[in-house]
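Notes for the one structure printed next.
Chain nomenclature is as follows: A, B, C and D, assigned in order of appearance, with residue numbering initiated at 1 for each chain independently.
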Amino acid sequence: MLFKVFAKDELPKLFDLLAANPVIAPVQKGVDQHGVPLFDFDVVHDFADLRLDYTSTIHSAKRYFLPYAETLATFTVDKGGWEKQVDLNIDRRQVLFGLHACDINALNKLDKVLVQSAYPNPFYAAKRRNMFIIGLQCTPRPQCFCRSMGTDFALHGFDMFLTDLGDSYFAEILSAAAFQFMARIVTREPGHDDHERYKAVVAEKNGRFQAKVDSSDLTKILDMEFESPAWKAWGDKCLSCGTCANVCPTCYCYGVEENVDLDLTGAVKTRRLHSCNLIDFAVVAGGHNFRPHSHARLKYRYYHKHRGFVEAFEEALCVGCGRCGEACLAGITVPAVIASVREGG
Amino acid sequence: MKLSCDIAVKPLSRVEGHGNIHIRIEDGVLQEASWEVVETPRFFEAMLVGKHWENAPYICGRICGICSIGHTLASIRAVENGFAIEPSSQTAALRLLLKHMETLQSHVLHLAFLVAPDFLGTGSVLPLTKSHPEAVQRALRLKLLANDACDLIGGRRMHPTRTVVGGFTMLPDKAQLDLLLRRLRAAAPDLAATAELFASFTIPDFVRETEFVSLKGETDYPFIGGALMSSDGVERPEAGYLAMTNEYCTPASTAKWAKLSRPSFAVGALARCNNNFHLLHPTARAVAESFGLAPVCHNPFMTNIAQLVECVHVMADAARLIEELLDRSFTEPRQPVQSRAGLGVGAVEVPRGILYHAYEFDDAGRILHADCVIPTGQNHANILHDLEALARSWAAAGTPDLEIERLACMLVRAYDPCISCSVH
Amino acid sequence: MENRLPFIDVLGGPGGRRREDFTSFEYTLPAEITSLYALTPTETLYQIRIIDPTARQRFTFQPGQFVMLELPGIGEAPFSISSSPVRHGDIELCIRRVGNLTNFLARLTRGARVGLSGPFGTHFPVEEMVGQDILLLAGGLGIVPLRSPLSAVLENRSNYGRVDIMYGARNPAELLFTYQYEEWRRFDINLAITVDQAGPGWQGPVGLITEVLKERLGQAGSLATGTCAIVCGPPVMFRFVCDLLTRAGLPPQKMFVSLERRMHCGRGKCCRCNIGSTYTCLDGPVFDYWSVMNLKEAI
Amino acid sequence: MRGQLSYLGVELARPRVAFFELTSCEGCQLQILNNEASLLDFLSLVEVVNFREAMTERHDDYDVAFVEGSVSRADEADRLRAIRANAKILVALGSCACFGGVNQLKNRFRDLDWVKREVYGDFPIITQEVLPLSAVVDVDLCIYGCPIRKEEVEKIVTNLVLGKAISHPRYPVCMECQASQNICLFDLGEPCLGPVTRAGCNAWCPSNRRGCWGCRGPADDANLAQLEKIMAERGVSAEAMLDRLECFGGFATQADLLRSAAADGRKP
């Protein structure tokens, strides 16, 4: 890790240098009915469209790594037989400009299951490796609980990370590529003052967290409270709509769909993000459904994220970004669910 | 010479909805010529009673799958007129563009898929995919262009999703509009070639004087709103539509019929051309003239040519509209709606003629009474009278059965009737 | 142009990654159906051979493992290998027609091309069962995955003690591999078959497989130490059979079950087969009963 | 000209298909003609033997009958029964056929005489309560939507030819809406039936910033009670919720419940 400081007006220059590659960044998508701006990631061409002051985005940046729907293979079929073609659907490096720590940590978690385990997923890996990531220090919202999940700081998984010091940016440089870009703008070595300011910014950030999740002994508690009435209560509210999985930066479960072309000379195999809250998630041959009730499915989402994943990778599959709770029309939030299960209903 | 025949077409194909033709000639004397509309009524006007105004365009668009955009726009206009809402110029331009694209897609569908088989002696477009592949491909391209444009502006080619009272829920992307403009320009040769194909057809020669009713254009060839006029000299304001339509029930039909100065009148592309010929785009006028179409033309078979002329017009005018839209910066797509008690009428020229929606609202903006007058409903009586006149001449000439059947079907088809829509 | 970041090709370009790592996904071996044999109106036995001889030879598996079988545009699904591990990439699958892929497969003819990947999953530890008695308990289609460990046992019959097969089907017409029963018996296998409903000509017992098992237990009071059980069948069967065996003194780590879940990848990525922390495809499909007992929702 | 169809060496029969319409706007049939880019491929996959909206020839020996529209007169019920007798597979095409569609909105008045008088005065006209096809005959397959989506029809027909099972998404529209990156309409203050409506339309309406009106009917296990609470919390009137629920007939049962609960005198 290398630290640099640069004046704010150098940032557009950095952007322009990077803009030789497709750049994805937070932009404003509209305002809600109360006039609050709504942000999301999108491809940007102009630095002026960037909203680096964004709070959180509606959807995570996950789709640039794991598209909601992705072609896994195409087939050409003729009388003689068939051939399979596989394309990883990425042919160039891209830049993700302004990712908060929680979302970087989300990618690090996905790496564990999708890259660093048996049978790595090349579709994900190719996009992940080809994403140049500039992290950005955030200002926590009331619903953020990343601090409880230990994901409020990113230690790796990015190329550089910026913290706004007021008139300048404090940059942590992690990759050689990032170092080379930094050499093209005017930077300086951070001095004592910069370090002090950096620490002050971080302290200020830490003071803002409101939401909390108590994850101590959670794997055991989840097991003990398997029959807790809390699940039923939350399940009654759940719409089984899958919105939580769609907005979540760490949900990756999917389904595969195969379709033959209309002219019968080819076929397509598509991966589609699924959600464990959807009714057919666990249906098997003969129509048996292992989780026919919404409470069983909802419980399963927590089991996977806060128990199963912890057992496998020693960390939860949740970064505390709060997106699912905010997107859920029924108002089901992670802190509330976990607190009620802890209390045993 | 053949003196008797009994022809029943039940139901007529390649039209929207169910209608039956019956012609009986005995010993050279016409005994019966009937145009029967057997479609089942859906009672849209009753469905709306008690409904909040927001429902009207959404439900009423479903009166017709082919001109759902026209119905939606007429319904929106009726609500907006009822609440004294003036659409912004941006909304007006987008609505007209959307309307043009529906006109294009509907006319092309009618001409290439429903009418051309008659002139080329086939029962459907299917054999033409082999015998006239380029003509079919051309038509498909034009239709695709028009449909894509409707998707872009209205959100969906059928039963549009973006069109609402007060404007639009969402605006088209300018880059997409620009692409549309380029596609429109590139499509001109396809339309020209389609016109050439029609130039090779012999349009049946038949003339029966009638009255033509349409919107009256002031400065532009009219499509959305404005005064009403007839070729017999009647003029009425939009809200006075009842005096133009004079609907009545008849046992031969589940649709209501209409009359004005004479026992019947005609609406549609020919009526519009006849009444507003001078407002057509010059290129469209030139095409009209090349087909010998000039006001007032009383040959109903020329409706097909009038549709072709309108295709040329709407393509040219759409290009103009897009250029204008690209030049301006977009504002808020939707203006606020404040309901009030009263009556609202919306008249819109849809592909088959003038369409009226009229609603009476209570204080809360709920519909107390609704009325929709459909172009094909206004044409039914005229279709019948044309059939009678033609049949009489066939009786006199001893025309063979098959020829009578063919021409009778072609005549009705020329009106491009939207039968289920006329019953609604 | 220097601002353009270089593209990283994970499949082989710079970065020095092992190529096999990333191609295991969506990488199917071209294979061909060398024979189809209808066992019942709904089950067909397929012989499937990997076309490339080297790949065929390299394809080794353990009894209990499964493959993913693919037909373009029709589907891809997991199937247990039902043949002897000695035969490498020339395998037998016994497939029940239940849906898109399985129905279309049944319409194919000899020589048809399919895509094969795998083998995946855990297996029945037959090597560790040497010198012991083995109980093979199967319900319905559960006999299919058991046929592979059974073949392995038959290859070295003298290495094992008493071997019992207890197999239940709904009715006699649904019994699979009937043509092999005599052969099994010749190898000194105690074969007990039961059906839920007798059909014409059925002489054997009628009733649940647990009854047959009780009978077997009844003879000896309990099970001899050094007995292993392999259980495969519908979820309800597991519970009853495993309960009985537990009461008969069989330790849970000596009972092996094969679970079925929905799978879309077979590689621990789609999560559809996930039971809590456990992936049926990676940690299963073969589990010892101890692991399953401790899994919520497993059976 | 059109050879035998086959796929992976399996010979496939080209189904003879027919299109019929009962009480409807004929839009769903038109959607099939609206398949410009793939219409010709579609036509070579099947043999169209009856399609009054597009062709004059007709035959009565068909395998698959696509029936659009709902039943609103005795003669339609008879026609439908005759079609059923001929067809191996009867497909309900569009929401009118599946649920009654907008046509069934008139059922809410119960008093059919009033309905007739409102539109036709004293002129005699025949009509009856609007029914979905399934109330009259057995329906093998439903294609939901008002209008139907051409991509879905193409997929279904391809699957029919291949002998693949036709399955609809069992989850609600939100799933597709979120995957389309939309801003949830509830955030914009608009009501939406997406959380309870069967997906498959690719969130056609919400993607155009128009709330879902439930044209595809309820998703499996739709949680309507919760949606009612959500709407109420967000200040959406019960009337607006009812308007959407009763529009296409898919939620007729729930709409009836809501209506009798409200009994707000909207009936004339």
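Criterion: a contact is a pair of C-beta atoms (placed from the backbone, for glycine too) under 8 Å apart; a residue touches a chain by one contact, two chains touch by 3 or more.
Nothing here was measured: the structure is a model prediction, and the numbers come from that model.
Taking the mean of each chain's C-alpha atoms as its centre, the chain lying closest to the overall protein C-alpha centroid is D. Taking the mean of the C-alpha atoms as each chain's centre, subunit A and subunit B sit 51 Å apart.
In terms of their C-alpha centroids, the spacing between subunit B and subunit C amounts to 65 Å.
Centroid to centroid, with C-alpha atoms defining each point, subunit B and subunit D lie 25 Å apart.
If you average the CA atoms of subunit A and of subunit D, the two centres end up 37 Å from each other.
Residues of subunit C found to touch two or more other chains are 72-74, 99-100, 113. Residue positions 77, 82, 259-261 of subunit A are each in touch with at least two other chains. Residues of subunit B in contact with two or more other chains: none.
Chain pairs recorded as touching, per the definition above, are A-C, A-D, B-D, C-D. Subunit B contributes residues 11, 13-17, 40-47, 49-52, 54-55, 58-59, 62-66, 68, 109, 113-114, 117, 123-126, 129-130, 140-141, 143-144, 147, 155-159, 161-162, 164, 169-170, 249, 254, 256, 366, 420-421 to its touches with subunit D in the complex.
Of all residues in subunit D, those touching subunit A in their complex are 5-9, 12, 38, 41-42, 44-45, 154-155, 158-159, 161-162, 170-172, 174-175, 178-179, 181, 183-184, 186-189, 194-196, 219-221, 223, 226-227, 230. Of all residues in subunit D, those touching subunit C in their complex are 7-10, 162-165. Residues 1, 3-11, 15, 21-28, 72-76, 96, 98-100, 113, 115, 235, 260-262, 264-265, 267-272, 274, 276-278, 282, 296-297 of subunit C touch subunit A in their complex.
By the touch criterion given at the top, residues 71-74, 99-100, 103-104, 107-109, 111-113 of subunit C touch subunit D in their complex.
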